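Multiple structures follow.
Same chain, two partners: chain A is paired with chain B first, then with chain C.
Coming up: the complex of A and B.
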């Protein structure tokens, strides 16, 4: 049961910027969607999406919060 | 990446520097943050079984829903805090499922049984208020960026838990009779329980890394005062007896009982008449944990082991 880290992005209203609101561990994309929706339910989000951390490619720093994902095998 | 010495990092964070990754931390900073987050995560996690077992006393389907919504929030808060710990190199799996009940770091208050609706709503009114008091201070002052961001959600939801507690405390107080009696009885043991939760008085407190690393902003006594500054007026407004009052000369809330003092777990009663005890006695009681410690931890861990065993059997077959 190997879980992956998924980062959660959401915007509250139309026109708002998409913001990083947190992250969840999940077995696959489907459970990640459910965990994200249920865990970060503090707002009535206009839009929410998740992305597997290993898919994020850091551009200018290798020690930022999103850098850890690259070491995870796909 | 520039590596700071401990002294340099302390100076930087006091000046407003925000730490974003583990690479920037000194060993001391990381350790202090792990201790803080472990207490936070364990408190959120253990509030869930405590509230869950109390939720069966909910008086209607609507209140069942609100009680379970609070439990769901607490589990999400716990998950978020353990996830932050994982980023610091700790194992969530071990922290949640690998520890013995007495190794958890939540306050003694969440080792107590909540046995009726009055106790659940006073827990929301008092314990969740303590949670907000502690976490708002962390939110306003922490030098750790990922924690500050995570607390936006937590603060928002804790405010709902507190409102739930206050609304229901008001309702029970107004009803009078047995409702008010049960409410007062809950206040009698839960008020001193929460006061004690904030820990050693500043006059006895050993040097705290959490303040030096700017992981929090207020001292134990200051936090205790913040909690009392909203809880005592609430009780006064509801005409409930709370053993503390405002002292206009000292300009602070003062307790009307020997602090700290002994607690009779079975009778749910503070033994004011036996006088003040030492903080070593309190630490001993905390270390022994309270009556529901094993039951609560077991309820969180049990199925994990069982299902893991099924899956292993399946893999072996």
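Coming up: the complex of A and C.
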């Protein structure tokens, strides 16, 4: 079963910037949601989101930390 | 949640005793569920899955602690209940008596066992016992993550194309459902009385809610929940479950026997 990289973003308070807090490898969006919530649970987050790395579109450079995600997809 | 509540002082002895059994059944099931999840911190298919079940184990133990604490309202000492009872006294649901044999059984356990306990908790939460109405909603919100993970993995194993995975899942499901359907139906006077008093839903209502929640999912593993025959082995009315009990080693871990002497208050 193929897993995908999902990046995890969260903010502690309403109005805080959404920050990248880490990543998880997951089978699909639903498992990514649970893995993120259960792995990065050290804070009482106001909001947490996950995004499949392959969905991130680089804007100004192709060698940034998130830029390689699109090549992981078949 | 009900608009009216029932105080312990207003209950007759039979109701109080039935309520104690219901709380113990739920608390012991949560404690054993947590123990069974904790076995899979190491050995899950991925690090993330191991972290998730470890976190779920913590959730279950937290829920168990809150449920045991409700016994105080019935003048029962939770400390004694948690740390002195032998395995034979445990009222946890029968299917948690033994560890999960493989990851497919863990996944079936997340959806079916944890799911059945959640149906029972939800019914208790909507009853007229105030401590349940106020303390259980947070547990139910945490359980949504357990179900999400269980459902996602169940679909994956059932639809992976691996006949071995699907067969393990089907066998775990078929072994579990007869016991869970009987457990939720609470086929005795205590179950009927608690429902009649409005402390929880009737067994029939709980079984229907459970079946409706899993029908489509277990069909993906080739199981027809409406065709499952309910367990027929003897019913232990005192504990609200079938015969037998968790193995002694599990209860020793649940009680914390090995290092109990190091506990300092």
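Quick notes
One rule holds in what follows: the second predicted complex is superposed on the first by the 73 of 74 C-alpha atoms of A that agree within 3 Å, B and C clash if a C-alpha of one lies under 4 Å from a C-alpha of the other, contacts with A are read in each partner's own complex, and residues count from 1 in each chain.
FYI, contacts are C-beta pairs under 8 Å (C-beta built on N, C-alpha and C of every residue); 3 or more make two chains touch, one makes a residue touch a chain.
It should be emphasised that the depicted structure is a prediction, and the values quoted were computed from it without experimental measurement.
In the superposition on chain A, contact of A:30 is made with chain C only, not with chain B. Legend: residue contacts after superposition of the two complexes on their common chain; A:22 is shown touching chain B, with no touch to chain C. By the touch criterion defined above, A:38 lies against chain B and chain C together after alignment on the C-alpha atoms of chain A. For the contact definition in use here, the residues of chain A common to its chain B contact set and its chain C contact set are 1, 24-25, 38-39, 41. Contacts from chain B toward chain A in the complex involve residues 1, 20-21, 23-24, 72, 76, 79-80, 83, 87, 92, 146, 149-150, 152-153, 156-157, 311.
Listing the residues of chain C that touch chain A in their complex gives 46-49, 51-52, 55-56, 145, 148-149, 151-153, 156, 160. By the touch rule above, chain A contacts chain C in their complex via residues 1, 3, 24-28, 30-31, 33-35, 37-39, 41.
Chain A meets chain B in the complex at residues 1, 20-25, 38-42, 63-65, 67-68.
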